[in-house]
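Data block below; observations after.
Labels for the chains are A, B and C, by order of writing; each one numbers its residues from 1.
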Amino acid sequence: MTALVEPRAAPLLRPARPSQAWLLPTMLLLPSLAWITFFFLAPLILMCWRSLASEGFSLETYSVLFTSPLFTKVMITTVKTAGIATVFALLLAYPLAYVLTISGGKMRALILVFVLIPYWVDIIVRSFSWLILLGDNGMVNKALMGLGIIGMPLQLLYNPFSVLLAMVQILLPLTTVTLFGAMLRIDRTLITAAKIHGASGWQAFRTVFFPLSLPGVYGAGLLVFVLALGFYVTPALLGSPRETMIAQTIMVEASQLLDWPQASAAGAVLLIITTSIAALYNRYFSLDRLWGGSDN
Amino acid sequence: MTELAAAAMANGAQLRLRQLTKAFGATKAVDQISLDVPAGAFVSLLGPSGSGKTTTLNLIAGFLTPDSGDILLDEHSIADVPPHKRNIGMVFQSYSLFPHMTVGENVGFPLRMRTRLSRQDARRRIDEMLALVQLSHLGDRYPRQLSGGQQQRVAMARALVSHPRLLLMDEPLGALDKKLREQMQIEIKRIHRNVGTTVIYVTHDQTEALTMSDLVVVMHQARVAQVGTPRALYEAPANLFVADFLGDSNLLTATIAQVRGDELAVEIGSGERIHATRSAAAASQGSDAVVLIRPEDISVTATGERTDGRDVLAGTIRDISYHGDTFKLDVAVGADVLKVRVARERGAGMERGDRVFLTWRSSAVRLLPAGDRPGDAGNQGEP
Amino acid sequence: MSTIAGRLGLGAAVLAVLVYLIFPVIVVVAISFSSGNFLVFPPPGFSLRWYESIAGDPEWVSALWVTLKVGSLSALIAVLLGVPAAFALVRHVIPAKALLNALILCALVTPPIVTALSTYLFFVPLGLVNTVVGLACAHAVSGMPFVVINTSASLRSADVNLERAAVIHGAHPLWAVLRITLPIISPGIVIGAIFAFVHSAHELLVATFVLGGVGKPVAVKIWSGVQATSDPTIAAASAILIGLAIFTFASAAATQSLAKRRTA
């Protein structure tokens, strides 16, 4: 059936052309990478550079920083506040994320709306609303006085309590969603298996689900902690000078004192801290997970 | 040349693959594949997932560039031609109809892209195609308003509207249920006979390949295990993989005990000897081989006496299962277990543990090379 | 959690947390309609006067315009940069995937004060301070991840064979991407753009440094207002921002379901 005709001289073995395979993706990525390099990385490098060279190369700004009692105190306050806020955010987000995990479609969507809408409201508004609630004339004080529990309004504002209350509320959506994502990955048939073998609901949770959720908890915790370190609006609005966090100090150095090298140094220190923690996070938890990518 | 063949030559392209290779990283998805497809033929690429059949199709389509080797359409090399210029039609498993276009617009798409037909001519061609796939009245509907089978037919009409000389089909019936699949198989064959284009059809379903194709290319681990007509592949498989992949088979490891011209005596696991004729597999005394006997070729006989020169083996029924019109028996012969089918009346009297005698036509025995690695493009045509 | 008490306890805890989350939003919106002069909750009466005062104040109106301009421009840039990047990440095999992820992570996790300070120092010699364009360029950096994430998600769920079907039947590959794939993934792109816009509208610190003077956007104006006055104008402005967020959120959801219906 086949007439065996010699094919016209087409080269039998074509040279392999792997070199062209990367041309298109590179061109597609170049604009965004170039933009990030120019508008994000370059400024960061410039800032680090400015922290060093006010009169020739010197580490003077850093030595001032590290010997300054104010700076030390602010850093400690920042880390403490961020840490406590993270812990509370995790404590509150965990049951919320758990309920999201076990809920069906409609319930889940409803809860997610509640969780995500605040996320869309800007940080100023959210911090500011606490001002209204916790003030001397605010709802809380009015209610307590109305019920006769107290005679004089409580000083609920401008202390660590108000700062933390607002911070936790602001961090909660992200914490919940991150934990939820991690919990979704836990194989729930394992819990069923545990129950079949005699574990009660609580035991199954304690011995199977909770340990499996811990990596997710650590991951969410790291992420939230890093974000909490950089908070500005909330402590500025709701805290007293004793609750000052590092972002406020840098702001003052830059915009009021106009001490750019000093501000840059503090910024560089903060940058190094957050980058290290983010690198730690990236090492153990692939960022891909945050937006549902897989490993290919 | 017959009229039919001449017509096929006119409408269908001759396709050649020459030592086509494509690797992804360290793994070879397609390894030195060579193939000659006659004009107008319906050829299936059959194999398990990972065998390289879809990669081969994508290479022919042009979505992948081969690392080495060539693809020739009507003796012209198309390996360097981009896919939108190759002038072939393609049908996908998920139909891939454009959701924002009507059925008519979908079918007319290749005409818009490739030709400069006037609106009337295009309209006429579209109507022609819709009539061919028996969907004339649905031209103004949207794909989402059609059933799966209808959508697949629209996909075929779209693929054929510009009269391509090659049609590629990538497991087009995989998403349909059994009954619909069988109907569509008949449809596709009818359309093929009507149009005469060359078809390359990828499937993992051996029944589909056997019933629809002029030629079947069995693929295994990036290579061609065997090429042949459905009958040739079923009745004369060239290697272990093809024998096992198509249909039910009994495969017994054996050693060649004696060679007498074209007659061989082969010793199977139980120590007994059966006879086979020399086939393409190399055979020398003492070498290993695999014996293939299809279950439908084995019959249960009354005595252990050899009659008409047929071999007889004694065995014990290990298991018996009821299949409506037949019983399937697992018969232990030494260490081997042979699958046998018996008619309902016979099987009704049998029980596990019964001693039976099995016999077969000597021509039903086939010798295969031991080991799994299929050779390169095996026999074409009858053995 | 199989006991009734356990279930109730969990339910109560969840409810409490949800109230904790939503309540501030309700407070602010309620006060924006207050007829009273002070930031008191619950408000004494209903009135639209604070919204009227914003509408009549040229500074507020101009601030809203600036926010719109900066937001739209940064969203546009984010789309132009992010969509091709999403294609590269989803459709192609790239060796430096991990590096890219790290880069994007950096942009999301860097403290805003650091970004603000460094951007300002960088913009001064470039003359980009006090320009809408400058701020938009800076905001585009943090808006980009939103576009990339949402476009990637859309791309991943789109049928790649649709593009192939177009190409094999004669369409030029670029035509197929523009006319077949882009319309299909446009919901993802739009949602990403909306996220980028809202993010820009809310952003405070970079905006303070780069455009904190004469032509400041709403976020900066609210911040200076919050620290200075205590009348509900601030609440009204904040409520406008909330309304903007909810509006864009709702239109995103509507776009998605509309697109689903077209291609179901």
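Throughout what follows, contacts are C-beta pairs under 8 Å (C-beta built on N, C-alpha and C of every residue); 3 or more make two chains touch, one makes a residue touch a chain.
Remember, predicted model here, so these are calculated numbers, not experimental data.
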If chain centres are mean C-alpha positions, then the most distant from subunit A is chain B
Ranking chain pairs by contacts puts first A-C
Subunit A to subunit C, mean C-alpha position gap in Å, rounds to 16
Distance between the CA centroids of subunit A and subunit B (whole Å) is 55
Going by residue number, subunit B touches two or more other chains at none
Listed in rising order, subunit B residues that touch subunit C in their complex are 61-63, 82-84, 86-90, 92-94, 96-100, 109-110, 112-114, 144, 155, 158-159, 162, 168
Per the touch rule, the subunit A residues reaching subunit C in their complex are 22, 24-26, 28-29, 31-33, 35-36, 39-40, 42-44, 46-47, 50, 92, 95-96, 98-99, 111, 114-115, 117-118, 120-126, 128-133, 135, 137-139, 169, 172-173, 200-202, 205, 223, 226-227, 229-230, 232-233, 237, 246-247, 250-251, 254-255, 260, 263-264, 267, 270-271, 274-275, 278-279, 281-282, 286-288, 290-293, 296
Touching subunit B in the complex, subunit C uses residues 159, 161-162, 164-173, 180, 183-184, 262-264
Residue positions on subunit C within touch of subunit A in the complex are 1-3, 6, 10-11, 13-14, 17-18, 20-25, 27-28, 31, 38-42, 77, 80-82, 84-85, 87-89, 91-94, 100-107, 109-115, 117-123, 137-138, 140-141, 144, 148-149, 152-153, 156, 198, 201-202, 204-205, 208-209, 219, 222-223, 226-227, 234-235, 238, 241-242, 245-246, 249
